[in-house]
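In the two complexes below, chain A is the common chain; its partner is chain B in one and chain C in the other.
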Partner chain A sequence: MEKIKNIFNWEPDRSLYPEKDENGNLIVDLSSQKFTKVWHGPNHPGTTGNMAIELTLSGDEVVEAKTHVGYLHRGFEKLMERRLYIQCFPTCVRMCVAEPDYNEYLLARSVEELDNLEIPETAKWLRTLVLEMARLQTLLRTVPGQAGTLSLGMGVQWGVYLRDLVLDLFEELTGGRVYHMYIIPGGVRGLLPDGFKKRMEDVLLKIEDFIVRIDNLIFKNILFKKRTIGIGHIPAEWIDKYGVVGPNARAAGFKRDVRKDYPYLVYDQLDFDIATLTDSDVYARSLIRRQDLITTIDLIRQIMAKMPNDGDIKSPTPNVLHWKIPKGEVYVRSESSRGEYGFYTVSDGSEYPRRINLRGPSYTHAVVLLEKLLINANIADVHSIMVSLQTCPPEIER
Partner chain B sequence: MNDIIQDITTRFSVTDIINKRENLTFVTCRKENTISLITHLRDREKFTHLVLLTAVDWIEDNLFQLTYILNNPTKKIDIAIRTMIPRDNPVMESAHRLWEQVATYQRELKEMFGIEFPDSPRLNEPFILEGWNEIPPYRRDFDTKKYSTETYFPRIGRGTNDPEEYMKSKLYPNDPTK
Partner chain C sequence: MALKDILTPFTAWTNVFKPVVTIKDPFNDRPGAERYRGFHFNDTSKCIGCGSCEAICENEAIDLVPVEGIETKDGDSGLRPRVDYGRCCWCALCVDVCTTASLRLTNEYTWVTENPEDLRYTPGVDVKPWDNNELGWKKPEPNYHFFGQKRVSMPELHPEQRDKSFIEIVKGYSKEQAILEADRCVECGICIATCPAHMGIPDYIRAIREDNIEEGFKILYDTNPLPEICGRICTHKCETVCSVGNLGEALSIRWLKRYIADQVESEDYKRILQSDGIANNGKKVAVVGSGPAGLSAAHYLALMGYSVTIYEQFSQSGGMMRYGIPEYRLPYDQIDKDVNYILSLGVKIIYNTNVGKDISLSELKSKYDAVFAGTGLHLGRSTRIPGTDHKHVYQSIDLLNKITEGKEIHVAENIVVIGGGNVAMDITRSLARLQNIKYGKVSIIATSLEDENSMPADREEVVEAREEMATINPGWGPKEILIEDGNIKGLRVVKCLSIFDEEGRFNPKFDESNTNFFKADMIVESIGQGMDIEYISEDIKKDLEINNRGRIVVDELFQSGAKWLFIGGDIIQGPDVIHGIANGHKAAVGIDKYLNTNI
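Moving on, here comes the complex of A and B:
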């Protein structure tokens, strides 16, 4: 490991770099022909969704990077201000396509906290199951997706196939494949179908087999190691300074996980540990996500074993068309596969939310952190660094 | 948490203290004291993680509410600081020197609410919108429906319903009193 690190332990020639003016801004004169401007995205196989990075290059080295978002902006937060709370559910799930269930949970939890509503025990277990299934299907794309950025696409194909099996289970449980609207204020919409646990176990066994195969294909692959070890290093002192959360913080040695630190639903009744590393490079972040995948499989098995098979799944609520939520404000958070994911909800006492604001991890990771990390990076590593932060543009622009 | 709230009440005259949960407290602070309070909480009380910064439009009171949510990762507690600024002169001291990501939040607030943060980096660069000539769209007086009706042509074959009336007719077809 040390040997490989040393290969990349070099200092670039800074004599070609642009000078800075008195305000610290780079002086980039494109007409000097020393620099090139390249747009990485919004349509690029290496980008994670509709996002562009404006790169200024000196040779093949990045000297300046600017993130551009807005390609998916539909004003979800504004649209929700004109909708009844129950009507906000189909809107809010679209704020993160990869993991829509966290939006449902957080909106439902906000309403319940503002109106002091408790939910039945069975509903808590079912919500936890759905959130972990959401994490599972995301990680099945993300873990091999890191190698996909380096043209090692085979693992991605395997992951997409297995994700489809998880989506089948979602369809069986909720009726929807990508957007579920399964979690509603007061509880959830249904119990597990007959035989669901057996089918879930079959899928989990296939995923365990997949982890062995991606270990051989990706994590023990010397080419993958050479392209990821020492690349995109996030120093520990940046974690709070740049608002870094989730696997990106855990790869830098910070044992932070909302499920452990601020237990919600039934996470305090589940036995799991949080993995940390200290290398804080692309390889370390990939390893943390691989470990998260194993933890998620274990958590789903625990939930299946411990959850009640029947019981109430929804507390009585007022008529959702006339439900006036008491005046107040609340912040609720959960741990998505990318880190802390929260909703700040303000009610003015009417049937409509006054303001709903999403706090997504990509807001800091994909803008200020990515712009900083890409400086001095080689252009060939740009998409690898970006994917290692697991950016999700819809949650930035909302 | 109580000690911290008592301390900042004395030092910074915070008001409207609401303990939402045992680990989440909302306080209101005057505009002039807000950045000093945030700096104090970050440096002295170790609220090192800025969770979010956003705004709420209280158009009926002619005020914008800015909300800063700070987190102490060691004690695992949150303080949400509310500060009110006048809606007709929305200017707030910038906090970009405290955390790197604040400049992005402030850039978005400038674009979406029209709130000014003097000296904040790249404040006037478009963040999400491009070529926007209307009033800032997240203000309550911006009419989303009117804008989309005037800007975009209707899709042929697509009907529109009032959402509330439509849901009522679907859920309670035989009971018009609901």
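Moving on, here comes the complex of A and C:
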């Protein structure tokens, strides 16, 4: 019996490799042939977008990691400098495929702040609704997606199905499934269709049932726990140092959320709390996202109950075909499912933006943070750690 | 880690008993949502080819192309949008901006074709299976617009501030108002084609938006040397076709033009228009009449280096613009502003000289290299009903002439005006003012064959006349002027049922049983003017071609059968200032061509 137990608890002896000098620093000498180079990516390892991590391994242990992007660069920020503000609206959505709505919102918000434009109350509620729906559909993929990285794909299938139901609702409200193009400078592009609230509630109930099922499948799963607890630990002192935000920061005990810290739209009229944990490992980050899913469902219910059912959806604006935005610069932000997501917009007073720069959470998470976090990780956990940061290459490169 | 962590994941097996949720395309049909942004459809009968959809498309997926069976006409470029699905991202901005709401996206989203060329097509023209699909993305509601729908209202004098005087009613836009109004233009250029002078309307509107008055002013003078005048009294045909007018209110194109002209001081004209130091080419041209056509011809000829002399029968310039249009609509100093600039180019006007009486056309022919005649329509027409020979039956045009000249005219206590055009409104409103001054009250009725909706006068003229207490009672045919003891008692009228017959000829029908009587002691006839071409002597006339409607035939550059004689303006085109200006411009080009090539 003892023997069998030992087989399960067997750990390799890591005292000899990788070799260290007398100060304890790693000696990475590729010509020694004691190391292996492995390219993780750039092909889609799941639903995460194209990005490569160049790994240097000693046995199965990562000793160096380098993030490579450049497979998805489409130059949207530059393209927008050649487009009227209204034309930036269908362009900017593509900067983050999973949650295009934050781009729409931030572009609109930049324009409105710079031009001192108030939007109708109804439009504010509808915007909040759409942003929460965006979070909802993302989390439906990312929460089970964490188990997917460990080859437990079933939860992902369930999530994708439910996400499709949310996309149906998006389609009803905005006319589009993936790129919604709904939040337009000045307001939004439509009121809720008849019966929308009822159909939304039906979907929310299904999602609540789904949460119970993934709890059983994933969070109460010994294999998942073994593979995530204590893995990919982000020390608290890294949070500010490397610009970590969103669930990644909250899993390390930092109560940070733009919705609370710098309330926008109607978030100050909604009742919600921000979840935090302290373990700061892959499991904790998954749990935080699971909690976010519950919060989002609750927020959507509150919005549905409190929002006005009619009223103007758009404020009058100057003619969009030659709308000149007053000279100035502005940074506007929102809380995406990955954390603070902001646009820094500069106007030179013309019809075209002089510069729109996206501050996305993935740049710091996937480049600065991930390269540190992977050191000493096991090759088998690399993918899981990467996904636990919820990195989004299209947003890094845009 | 507990045993339950090993067992609970197996509860997922319960899913085996759940129904399948996937859709099996193409076996299960799944229509797009009601607002789905699928393939385009365009109602080509509503579309006007304004190109706003092309302008807004960030992917340059739309090209406006000619379409068989759709002709270019006023208010329609004749082009229709063609969409390239290799570029489109289905954002539907083209739908939201569409000035006619003709364009929409249907909720159809599957389309299989072997030929990639198919994916570039003209919605509504190339027949597609989804053409009758009513569902899909339409312009959102409520109050969702990409440009202002309402006009910036024009500040005007209140009726009580104006009903006893001839002070100009319309005050003109302020800078803020003009820029706001100019902002609404979608720069489609549909109006350019309809404007008789083809003015660069979207360009000067853009200059207003950019607060570049001098640039706008130059654009005005490219095609129109009378902007102060036109900015006030142009018939603004452009506004009737303005794309923005399809769903909202048309741009106030005329007031915007006036705004530009009003901002420029007379002393700056030459500097802005760079018209100093034009070399004289040694050739001389005579112009008969200083109305819009004559002034316009003179202006463009002077710019080309010709010495131009205008012969004017009245003591002041402007023709009908000064002698027909009341001062409250077009103040005389504004006419002077436009005319003085033309004079500053070296153009001479010889006043009080009636060609035909004081100097013959033949004499002009011998003294000048070419002649342009824009003599206008100055003969009043009569209804010829019984009683029109009474001394207190007047022609509106004669009265308006006299008012301009400051001469005393007869103003009775009760007046009836026959006519429903702008001139009828001009005399009605002028006489209403004079009645108000003389009697302290207004008693004037204007009546016309046309009913309220088809009266040829501009709507605002009718509204403002009523504000000034004149009665407008349209839809009656004059039958007889009742005269008792040598005094006019009033006008007897019968209900007019229709004006034109099936073939569109003037042939009014009346309901003789439905009569009315308008009390009056003075009648003014204002049913149009005719031309007087007595000044063209027989030996010249024999070279001219006169068509079956009695009009002189000229070519597209207004050259008549007598090669040295160019004729334009109201006598060719009918009464309209902007047509006159356009004719004068073209005739100037024609004269230049004639004098340089002798054709």
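Note that the second predicted complex is superposed on the first by the 367 of 398 C-alpha atoms of A that agree within 3 Å, B and C clash if a C-alpha of one lies under 4 Å from a C-alpha of the other, contacts with A are read in each partner's own complex, and residues count from 1 in each chain.
Simple rule for what comes next: a contact is a pair of C-beta atoms (placed from the backbone, for glycine too) under 8 Å apart; a residue touches a chain by one contact, two chains touch by 3 or more.
Owing to the predicted nature of the structure, the values given are computational and were not obtained by experimental measurement.
When the two complexes are overlaid on chain A, chain B and chain C occupy overlapping space and clash. In the superposition on chain A, A:Leu321 contacts both chain B and chain C. Of the two partner chains, chain C is the only one touched by A:Glu171; chain B is not.
In the superposition on chain A, contact of A:Gln87 is made with both chain B and chain C. In the superposed model, A:Val346 makes contact with chain B only, not with chain C. Contact with neither chain B nor chain C is seen for A:Ser31 once the two complexes are overlaid on the shared chain.
Of the two partner chains placed by superposition, only chain B is touched by A:Tyr363; chain C is not. With both structures placed on the common chain, the touch criterion links A:Tyr262 to chain B but leaves chain C unconnected.
Contacts of A:Asn216 after superposition: chain C is touched, whereas chain B is not reached. Legend: residue contacts after superposition of the two complexes on their common chain; A:Ile313 is shown touching chain C, with no touch to chain B.
For the superposition on chain A, the stretches of chain C under consideration are 8-16, 26-34, 44-52 or 224-232; the one running into chain B is 44-52. Under the contact criterion defined above, the residues of chain A that touch both chain B in one complex and chain C in the other are 83-84, 87, 319, 321. By the touch criterion given at the top, residues 18, 20-21, 23-24, 26, 48-52, 54, 56-57, 67, 69, 73, 76, 78, 80, 99-101, 103-104, 126-130, 137-138, 140, 142, 144-145, 163-164, 167-168, 171, 178 of chain B touch chain A in their complex. Only residues 1, 4-6, 8-9, 11-12, 15, 21, 32-37, 52, 55-59, 89-93, 96-97, 105, 137, 140, 142-148, 183-187, 206, 209 of chain C touch chain A when the two sit together in their complex. On chain A, the positions that touch chain C within their shared complex are 83-84, 86-91, 154, 158, 161, 168, 171-176, 179, 181, 187, 189-190, 193, 213, 216-218, 220-223, 225-226, 312-314, 316-322.
Residues 69-70, 73, 75, 77-79, 81-84, 87, 113, 240-243, 245, 254, 256, 261-262, 319, 321, 328-331, 333, 340, 342, 344, 346, 354-355, 357, 359, 363-364, 367-369, 372, 397 of chain A are the ones touching chain B in the complex.
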